[in-house]
Structures are given as structure tokens and as C-alpha cells.
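Two complexes come next, and they have one chain in common, chain A, joined by chain B in the first and chain C in the second.
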Partner chain A sequence: MILGRFLAGGLKSPVILISMLVILGIGVLVPVLNLAVPPSSPFHVADHLVPLYGKYLCYGMAALALDLVWGYCGILSLGHGAFFALGGYAMGMHLMREIGTRGVYGDPILPDFMVFLNWKELPWFWYGFDSFLFACLMVMLVPGLLAFIFGWFAFRSRVTGVYLSIITQAMTYALLLAFFRNDMGFGGNNGLTDFKDVLGYDLQSGQVRSALFFLTAFFLALNLLIAAAITGSKYGKILRAVRDAEARTRFLGYRPENIKLFAWVVSAVMAGIAGALYVPQVGIINPGEFAPANSIEMVVWTAVGGRGTLVGPIGGAVLVNAAKSWFTGVLPEYWLFALGGLFILTTLFLPEGVAGLIRKAFGRRAKAPKGKDEETDQPVADATAGE
Partner chain B sequence: MTEIPVKIPAEPKSAPKAPPKHAPVPSARKDTLLYLDGVSRSFDGFKAINELSFVLMKGEMRAIIGPNGAGKTTMMDIITGKTRPDKGDVFFMGDVDLTKHDEPTIAQMGIGRKFQKPTVFETQTVADNLLLSLKGERRGIPALFYRSNKPDRQRIDEILEVIRLERRRNELAAFLSHGQKQWLEIGMLLAQDPKLLLVDEPVAGMTDAETEETARLLRDIAVDHSVVVVEHDMGFVRDLGVKVTCLHEGHVLSEGSLDHVSADPQVIEVYLGR
Partner chain C sequence: MPLLRILALAVTLALGALAAERASADEAQVSAAIQKFATADGFSGVEATIQELGAIGDPLAVRALRALGENELKVTPDGAVVIEGADALLDPVTGETVAEKGPRLERIRIKNSIRSMIDETISALTLRAADPVVRMSAADTIFAAADPEQLEPVQAALAAEQDPDVRRRLEQAVAAIQLASSDDPEIIRASIEVISQRGDQAALGVLLGYRNQATGEMADAADEGIEAIETRLAMWQAGQNIWYGISLGSVLFLAAIGLAITFGVMGVINMAHGEMVMLGAYTTFVVQETIRNSFPWLFDWSLLIALPLAFLVAGFVGLIMERGIIRHLYGRPLETLLATWGVSLILQQAVRTIFGPNNREVGNPSWMSGAFELGEMSITWSRLWIVCFALFVFVALLFAINRSSLGLQMRAVTQNRRMASAMGIRTPWVDALTFALGSGIAGIAGVALSQIDNVSPNLGRGYIIDSFMVVVFGGVGNLWGTLVGGLTLGVANKFLEPYAGAVLGKILILVFIILFIQRRPRGLFALKGRAVE
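Up next is the complex of A and B:
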């Protein structure tokens, strides 16, 4: 009830409501165009495109998560890929255990890579992952807990700005190295793959593909609503106050470390959910997902879409990744240059991203703070009388 | 909650009785609001605060003057928990040892501070700046479920009236003039309803008209708050009409009425020697 009221707060902005409807609409439309429209029709969506679009939506969710901390709290995380990957691994572990005796070695308990390594027993941290619900819990809990511990220490020691960005990057890099090791028990270099089904349904079937796509759209819309409710509440105002003048908020009696910690953990959980939906659609999770470059790409999506707008970064992720798919088809060697160029151009000419551009086009330009030199420096009396 | 009187009081409050000038005895701490004794703090060997003793009684308003670098801001940093003293006692309300608490705790105990450089939340509206400052809940999660309510709105309206920013309530704070930002920050102090207000150079960069208005505003506030104002502007200090403490090299040089302090040969030397 109180939660319902809280979520309703997210709908105050019509932009959020419309965006949610669009996302849910896409969530229904793509499966329909794939399953119900005959392949001969020009409107048919080919089978291989459904998981590709699903992947874009997962990236959109990761960008939304990043925007919550970067746009509203000023934490430029260069390690959000870690939360995404951890959520992915948690889901991957469940899918591995669902393979059962259908693996190459036919072991009912141990995944193939463990048999290959001559392991006799399942490591303790793989317990419970045979349960889908347990795995879903871990999808949120593991990234959330890592974020909590990381944020607890980092924010308490008042690490901010570039230094904070660097340690987030170090965090994902450390995890990359750890997950590469075979004896970590996560499949090493190859990661987790060869998934067969989820909840007993074949992952290769058209219906499951469509269901996963719809679920991704659904969770994206839900997370957008949650993020909008958070940023639209009084807490969101405190969050922005901390972003703009952290020291000042302390003298008002706020504890910025705790304020930031909440948004940081929520953001990590969202990124984890995105990763968990990503894995069954792409069919693999490996340590490459922890690569620093992945986290940096998330920053580019967010910047291109429009930092601090929630909806913008989702669009940014979809746009940039669609461009990436196209580019890697025609000019694969140049993609990284294009990405870097895009980031520079956005930073220089579109500080508010595509969302800012659209806002301007619709004439609803938000009153952004002007430069100091433009301020009217009139006496109080004159300034108020003149209105 | 205390009301803010909009009327100008006939006479500004004077200190109940003169506190001992240097090294006050602990028994004298009982009725004090703020009690600093033998406080020192150095930065890289430079003594910014040097054996400073300073007492403020409940309900008192005090002006602190002193040349640049005298340690006025550092003294406020020590009181608000931003800087820890190397040695000395800092007590609030007689028995709360401020050296043992951090900034948010001290703020919640009732010490509000206005910074030398106005710091308001520029990307938020004037009204929201006040909302964020309103006394009360300071944890994040309850703020998720906060609902705008009548008492809060009324309080914000009252403060907007006092700081003369009613018409700009829904504008972003970034659009205010320098003087208006200073006023908004004073309003934020009022919203906190603190027991003690520390106001650092409130009229720096203000026009004469604004300076006069600010003196009026602070006198109003002093009717039911204890206030420490740091200021260079002698005309402004005269307008306040309160007891003055002159700081120099981290130490109290002279204390008393403005006439007394400005006649003090040591003070004259410091100001003319600059």
C-alpha cells in the first residue's frame, strides 16, 4: 500500500508513463511480429533478432541503473559491468544446473567443466542454485551485497570523484582476473554455456525466446518506474543535493555516505537483474563481461542518451548498440573509434545527450543553471519588485 | 516550533552578563551555549587557532571581527565538527563535548551554519532548498515515502516571507542573485530551527541596500535564537548593535561593545598595521 503510493510517485511525470507504455508495447509487439506474422511478411521479425533486441533492452536496463548513481548522485561508476556480470553468473549457475545429465559427461550434479577439472563434489557456493527462486534471489543479493560492502567503505572514507571511479574500475578488473581462474569454480575462461532450458522449457524454442523478451521489457519498465519514484521523492532531492554539494548536506544533518549507499545498492541490483535476463538470451556468460571496457561502454550509452534523465540512457543504450551491430557488420575494425568519437562529440556538443536534444526540440527546455556571469546581480528589492 | 517574528524588535538582545574574558572556570560552563577554552589548532605548524577562549551565553548574539586569516572560519569549522582541535575544550549547552561528534550529529544537535561562500543547492528550487533544510527526519529511506504536508508548506511560506523570496519560490536557486543566495542560505538556517546559528560573512559582496536588509533579518532572528556572526563590514556590525569579539592570529584580541573594541589600541594596530 505504502509501496504502491511510492511507485505512483514515479508516474508524476508523463514522460515516464509514456516511456513505460512504449517499452511494454515493444515487449508485446516484437514477440507478436515474430510468432504470429508469417516469415513472408515484411513485418516479420526474424528469430535471431528477438534475442538481439532483448540484449539491447538488457543494456538499456544497465544504463538506467548507471544513470541512477551517475546522473542523480554524481558517482561515475566505471565498474557497473561487474554487477551486471554477477547477476548474469547467478542466473548462469542455475541454467548450468538445469542441464543435469544432458551434459557431455552426463553427470547429474556436476557441470561439465567441473567433471573436466576432475572435481568430485559441487563447491558449497553452487548449492541451492538448482532452485530457480534461489537463483533469482542471488541475482539481486550478490550484486547488492558487493555494492553494499564496497559502498560502505568507499563512501565512509569519503572517496569521491575520479578516485571513486578508479576503484570501481579496479573492482571489476579484480573480478575479471578472479573469474578467469579455473579453480574459482565458475568455468574459468569459457564461463558458463551450453544451457538447455529454463523451468523445463527449451531455451531454443520460439515461445521461450519471446517470453524472455517480454520479461526483459517488463522488468525494464518496472525498473524505470522504481527509478522515477526514487528520484522523484524527497529522497531524490536529497540525493541531488549530495551530488551538487556533498559537504553542505552534512551541515544540514544528513549523512551523505548513507544517502549514496541506498541508491548505489539499488542501482547494483538493477544491473544484476539486467545481467540475469541477458544470459539466457545470449546463451553464455564468461569473464569477458567483467572487462573494464564493458563498464566504460555503459557510461557512453548513458552519456549519449542523456545523463540524469532515466529514459535517455535506455534509448542511448539501444541506439549505440544498434549502431554497434550495424558497424561490426560493415566496418568491424572501426567500431571502437566510432564509439570513442561518439563519446567525445556528445561530451562537447550534447552535454544533455539525445534526451536534451529532444527536450530542446519540443521547446520544453529544462531550466539548467546558467553560468555565473549571466546572473542578475541586482539588489533584493529591485529583483523582486521587477516581477 | 518557534515562530519567526516579522516585526523588528525595539532593542536587540544584549548578553545576560559578561562572561570571564580568558580561561573561564568550568563551573561557569553551566549557563553557556557555547564554551571554548584553550583551543588550539595548527596546519603544517601554522597556528590558525591559538589558545582561543570564547563564551556565548544562551540567547546571545555576538559579532566576530578580525583581519583575514585571523581564524574566524576555522573557529566555526571546529564548532561544527569539520576540523578537530589539537587541544582545548569545546562544549555546547554546557556539557556536550563537540570534539567527540561529527558534522551531521552536531547539525542535528542544533548548530546551523551559513558558509562564507554561499552554498545553496543550485539545481533545485528555492522552496526545495528550504524543504531539504526543514528540521526533522534526516535518514534517506523514510524520505522515499515523504509526503508534502501542510505544516511543512506553511513553514516554508513563512521563511520565504522572512527572506523576501516568496516570488521566486519555484525558481532554481542558481537563478538567484548573489545576495539572494546569501538570504536563501540564511533561510535554510532558519528552516533547521537550530539553537545556535553560525553565520560567516553574510554581507560579503552585497549591495548597501542588501546589507541593511541582512542586518534587519539577523536582528529578527536573534530575538529567539543565539547567533554568532563573522563580519568585516564595520557599518554592518554597528547596525547589529551587539557585543563584539575581535580575533587576531587565532586568539581573542579584544572583547566588548563595538566602541570599546574599536578604541582598543591593540585592535587599531592590527587593523592599521595590515
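Up next is the complex of A and C:
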């Protein structure tokens, strides 16, 4: 009941409601256009495009997660790729166990790479992943737990601003190095791949792909609702207060570290779910997902879409990745120029992103955050020195 | 004293003359013995011939024996033994060309046991070589083999040896042989003593080999010797680790110091810092290419020419960045971080487009290549020079910041921007010049790093996170902090590596820094007082 009322709070804004309907509509439309419309029709969506669009939606979810902490809490995380990848690995481990005896070596218990490394038994942290429900739990629990521990220490010690950004980057870099090691038991350099099916359904079949796409859209809409409910609640107001003037909020009697920690953990769990939906659709998860560059790219999706708007970052992620697909197909050499230019132009000229532009065009009063990250009325040196 | 030296010289000359005379007398004998390879019957025949060459004891046979070991000693169809060179057949004794390369050469077959026999014979023969370095390595080969049959030639060589270093090596070789063959406890004890004084890996191997078959008192003596060597080796190993650590630390310091300046003064996180390092490395490449093509004689000076150029190139790019982008983002450090990341992508891709995605070759000048031994440590010249260079950069920067007027203004702006501005300092220009300075320093770091790392468009990526760690660990806006931070992380990394492996060691360091920032969010050498607020 309380949960229902809480979520209904997220629907107060018509923009959120419309966006959710649009996302769910796409979630139904694309599979229909893929399965029901004959390939000869101009409206047919080709088979290979379904997982590609699904990938965009996963990225959108990651950008939404990032917006929750960056846009509403002022934490610029350069390590959200780590949560995304951890969720992906948890799902990948389940898919790996489902391969069973169909692997190259045909071992009923050990995945191929373990047989290859001459391992005799399953490491303890792989126990339980043969159960889908357990894997789903881990998809949320592992990133959530890492975020909780990391945030607990970081926020308590009042690590803020660029320092926090740098240690989040160090975190994902450390995980990158760790997952590259064969001894870790996660497939090393090659990661987890060659998945066969999920819950007994063939991953290559059109129906399963469409189902996955719909699920992704559904979870994206759900996460959007949750994020809207959180930011629209009283807690959301305090969250923004912490973003705009952390010291002042503390003096008013709130505990900024706990307030930040909640949003941080929720955001990490969302990123984990995004990663878990991403893996069955692209068919591979490897340590490259932990690369700091990936996490920073997520930030640019959020920035382009417009941070602090929830809907904007989802659009930003889809937009940037569609551009990336187009560039890598047509002008592969210029993609990095375009991406780099996007970083610069967005920060210089579009601090509120595309969402800000649209708002202006519709003449609505912009509610996006001010450009500054710390107490806004302070000079440069103070902004960097923190509180 | 001069008299003594003249005397020594005379003796050496006389010995040399004697050796030369004997050589010419033996040449025919050696040559005849080598010819027996042609008719040698199977492996045992070859072994007998090698033994005969060893018995003659003339270094002239070494050339033929080497060729035999490398499967280049051949028998021509008319039964002559020759060495098959790259494009001609050579005389096995003199090495002069005797014939054109012809077909149907028959190889003299050898096996592994013969190969080791060849090595031992060669070392026994080279014990009399003119070059002390050759004699020394011959003694070392015998030391490792410890073959009792070589005791006599080694003792003979020891009696004739003048050079104290070679004498010591020969004594050790004698000791190793005696340890392996003697039954007399006194001799064995003395041998263990001599060997353990040698104290290197080879000595440890010999003693461990002896320990396995020794019993009673002798075993205890061997244990003592082993322990002494192991302690010594452990100390040298620690020394080597410290050296590696200092070397890595100075690289980290070089990569990070420019970042520390910009971050400290302007609070700007320059994500394109690594690309400034890369630009410096590519400047070195361009300078070397130009020199290779037009002024080859200048090659040894290429790095010194590249240094100022790299400073200017990277500094200029930095200046453009500051004026064009960063200036508009002051007070928004997180946005600056993103914009500079965008610049880094563009610079990387630009370099990739211009120079190609592959590694470019940057050469070492002659004074930077090679290595030298210090006890049990091996030190490469390039690393040594980089450490020196890092110290030089540190001192120069310290001087610039503490003594120059720009340095004074920089410190003023770091401490209190508004007050500095009120005192008439043009803070925007200080910012621009600081950024250019930081970028320029990154550029000259790139010159140094081009000597030890691959020059590729990804060069900067590899350093950026490490540089951040150093800056954050050492404390912002403090040169000493960066120095201590870089060296500490370097040494810690190298000490963790043997226990945890390179990757795990690095992960541990990262985790340590993440935890460290929780304890001291402003780093090791934090700014104190009003500057913090």
C-alpha cells in the first residue's frame, strides 16, 4: 500500500507518465514490427536490430541510474560501469551454468574456461548461480553491496567533488584489472560468452529476443517510475538540498552521508539491472565493460540528455549510441572526434542538455540544476577545496 | 712504484710473447687434431677428438669447437674439415676463407652430452685467453660445471694468473671442483668458505647441490654457507626492488607532476593530461625521424633537442585548451573534467589519424642504452637517467615556484584567489600560464617516457589513472607531496609484485589509496590553514 502510494508519487509529473507510456509502447511496437510484420514491408524491424535497440535501452537505464546520483545528488560517478558490469557478470554466470554439457568440453558442471584452466571444481562464488532466481538476486545484491560499502566509507569521510570522481574511477579500474586475471574465476580476458539459452528458451530465437526487448523496456519504465517517485518525494527534496549546499543541509540537522548513500545504492542496483539485461542481448560480458572510458561515456549520455531530468539521460543514451552505431558504420575514424566534440560542446553550451533545450523551446521555466557543483556562490578555489 | 709497474709490464709482455711462440708451434698440431673430426667414428670418436684438443691446451682450437657446438663445423666431399660461414667456407683454425660455399657438406653430428663437453673444453682453453673478461667467464663456466677433470688445468691457470679479479674467480672454480670431488673435510670446509664468499646465485646453486649429498658436520658447514649467501642475496634483492621502485616512482612522479600543478593551483582535473605526455613522446619521435633523415650525426643529442620542443608543443596545446575551453568552466570542476576528457579523445584520435595506430619506434641514444652491474643488481642506463631527470625536473620546478615571480603569483592564487586578485595579480593569466606550464612539464615527461614505453596513441591512457593516484595520495598543490607520493607508490608496487604478482599488486595499491583517501581526504601533504576553506 505504502509502496503503491510512493510509486504513484512518481506519476505526478505528466512528462514521466508520457515517457513511461512511450517506453512501454516501444517495448511492444518493436517486437510486433519484428515478428508480425512481413520482412518485405517497409515497417519491418530486422532481426539484428532488436538486440541493438535493446542494448540502447540498457544504456538508457544506466544513464538514468547515473542521473539519479549526478543530477539530483551532485555525485559525478566515473565508476558506474563497474555496477553495470557486475550485474552483467551475475547474469552471465547464470547463463554460463545453463550451457551445461553443451560446452566445447562437455563438462556438466564446469564452464569451458575452467576446464581449459584445469580447474577441478566450481569455485564457491559460483554456487547457486544455476538458479535463475538466485542470479537475479545477485544482479541487484552484488552491485548494491559494493555501492553500500564504497559509499559508506566515502560519504562518511566526506570525500566529495573531484576526489570522489577519481576514487570511483580507481574502483572500476581496480575491478578491470581484477577481472582480467584468469585466477579470479570469471573467464579472464575473454569473459563469459557462448550462451545457449535462458530458462530453457533458445537465446537466438526471435521470440526470446523480443521478450528480452520487452522486458528491458518494462524495467526501464519501472526504474523511471521509481526514480521519479524518489526524486519527487520529500526525500528527493533533501537530496537536492545536499546537492546544492551540503554543509547547510548538515547544519539543518540532516545526515547528508545517509541521504547520499541511499540514492547511491539505488542507482548502483539500477545499473546492475541494466547490465543483467544487456548481457543476454549482446551475448557476451568481458572485463572491457569495467574500463574507465566506458563509465565516462555513460556520463556524456547523461550530460547530453540533460542531467537532473531523468527522462533526458535516457534519450541522451539512445541518441549518442545511435550516433555511435552510425559513425562506426560510416566514418569509423571520426567517431572519437565526434564523441570528444560532444563532451566539449555539451559542457560549454548545453549545461542542461537536450532536455534543457526542449524545455526552453516550450517556454517552461527551467528547473534543472545550476551549473555549479558545490556551493554555488563560492569562488573557484573554494569549490575545489570542498567544504 | 713505477719500477714495479714497468716490471709487471715486462712480465706480461714476455708471457704474451711466449704464448704467441707456443701458439705458432701448436698450430699444426691443433689443425691436425681438428682434421680428425672428418674421420671420427660416431659420437665416441668425436668425444675423443674433443678430448685431444683439450689435452693440447691451445686456445686456437676454440673457434672450431664453437662451430662444432653450433652445428657449423662441416666436412667437405674431399674430406677437409671447414666452418660453414654465412657465404663462404672458413678454415677452422685461422678463420680465413678457404673456398666458395659448395653443396654436399656433411655435418659433424653431436648430442647434448657432447655439447656440454664442448663448453667445458672451451672454458678450459680460454682460461689462457689474453682478455681477462674471457678468462673470467671461462672460470665461471668451470665453476658451474665443477668437473673434477678440470682441476689440473684450472690450478695451472691459477698459478700463472696475474689479475686479482680473475685469480679470485679461479680460486672459486677450484673450490667448486674440490667440493665436488674431495673427501678431505678440511679442504671441503675451506671450499665452502671460498664459495660462500662469492655469494651469488651460481654459488648458491653449487652449495645447494653439495648439501643434498652431504652428511654430518659437512652438511652443517654447507648450511651455514647457504644461509650466508641467501641473506646476502635477499639484501641485494631488496636493493634491486628499491631501485625498481625508485625507477617506477620517478616515472610516476614525472607523469603526475604537471597534473599536480594544474590541479593544485586551479582545481582543474585535466583528463587530457595523459595526452600531453603522449604529445611529448610523439614530438621526440618526430625529432628523431628528422635527425635520422637529415642529420644522423646529431642522433645522440636528439633527446636534448626534443625536450624544449616537447615543452613548447604540449604547453602550447595546454594554453589553447585553457583559453578555449577551461576558462569558461571555472567553478565547475566536474564539467571541466568532462570537457578535458573530450579533448583527450580528440587528441588521441588526431594522433592516430596522423601517425597511425601502431607503435612508433623511438630509439635510445648511445648514452642511454645498455646496463651495468652493481653487485648483484643490474641497472639500465635509461632508467638511471630518468631518475636523474625526474630529480632535475623536481628541483627546477621547486626553484621556479619558490623563486620566480610567476611562481609567487601562482602560490598567491592557490592560497587565496580573491585576495590575490585584489592585490593586482591578473589571475586569468596566472591560470593560463600555470596550465601551460603543467602541460609543458607533461610534454617533457613524454620525452623521458618515450625511452621506456611504447609510443602509441594510447600512451597517455596508461598513465592518467596512476597520475591521479599519485596526486591525490601526495596531496594537492604540493611538489613534495607528489615526489613522496610517486616514490612511495612506486616502491610499494615493486615490493608487492613478488608476493602478489604485478596485477594483484596494482589492485592492492588502488584499494589502499581508496581507503587512504577516506582517512585523509586531502592527501599526505594537505594544505593547511585558511587555504583549505
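FYI, the second predicted complex is superposed on the first by the 366 of 387 C-alpha atoms of A that agree within 3 Å, B and C clash if a C-alpha of one lies under 4 Å from a C-alpha of the other, contacts with A are read in each partner's own complex, and residues count from 1 in each chain.
To be clear about the criterion, a residue touches a chain if its C-beta (ideal position, glycine included) is under 8 Å from a C-beta of that chain, and two chains touch if they have at least 3 such contacts.
Keep in mind that what you see is a predicted model, and the values were worked out from it rather than measured.
Undergrad: Please indicate which partner A:A178 is in contact with in the superposed arrangement: first for chain B, second for chain C, both, or neither.
TA: Once the two structures are laid over each other on A, A:A178 reaches chain C alone.
Undergrad: Where does A:S233 make contact in the superposed view: on chain B (first), on chain C (second), on both, or on neither?
TA: In the superposition, A:S233 contacts chain B only.
Undergrad: Contacts for A:S41 in the overlay, against chain B (first) and chain C (second): which applies, first, second, both or neither?
TA: After superposing on A, A:S41 lies clear of both chain B and chain C.
Undergrad: Taking the superposition on A as described, I'd like to know which of chain B and chain C A:G253 touches: first, second, both or neither.
TA: first
Undergrad: With the two complexes superposed on chain A, say which partner A:S131 touches: chain B (first), chain C (second), both, or neither.
TA: Neither partner.
Undergrad: Considering only touches as defined above, state whether A:A245 meets chain B (first), chain C (second), both or neither.
TA: first
Undergrad: Counting residues of chain A touched by each partner, does chain B or chain C come out ahead?
TA: The partner with more contacted residues on chain A is C.
Undergrad: List the residues of chain A that touch chain B in one complex and chain C in the other.
TA: 378-381, 383-384
Undergrad: Under the touch definition given earlier, write down the residues of chain B that touch chain A in their complex.
TA: Going by the criterion above, the answer is residues 80, 102-104, 107-108, 112-113, 115, 119-124, 128, 131-133, 138-141, 143-147, 164-165, 167-168, 171-172, 174-180, 183, 188, 192, 207, 209-210, 213.
Undergrad: Which residues of chain A touch chain C in their complex?
TA: Residues of chain A touching chain C: 76, 150, 153-154, 156-159, 161-163, 165-167, 169-171, 173-174, 177-178, 180-181, 292-293, 296, 299-300, 303, 333-334, 336-337, 339-344, 346-348, 351, 371-373, 378-386.
Undergrad: Within their complex, state which residues of chain C touch chain A.
TA: 266-269, 325, 328-339, 341-346, 348-350, 352-353, 413-414, 416-418, 461, 465, 468-469, 472, 503-504, 506-507, 510-511, 513-515, 517-519, 521, 527, 531-533
Undergrad: How about chain A: which of its residues touch chain B in the complex?
TA: 2, 5-6, 229-230, 233-235, 237-241, 244-245, 247-255, 258-259, 262, 367, 369-370, 375-381, 383-384, 387
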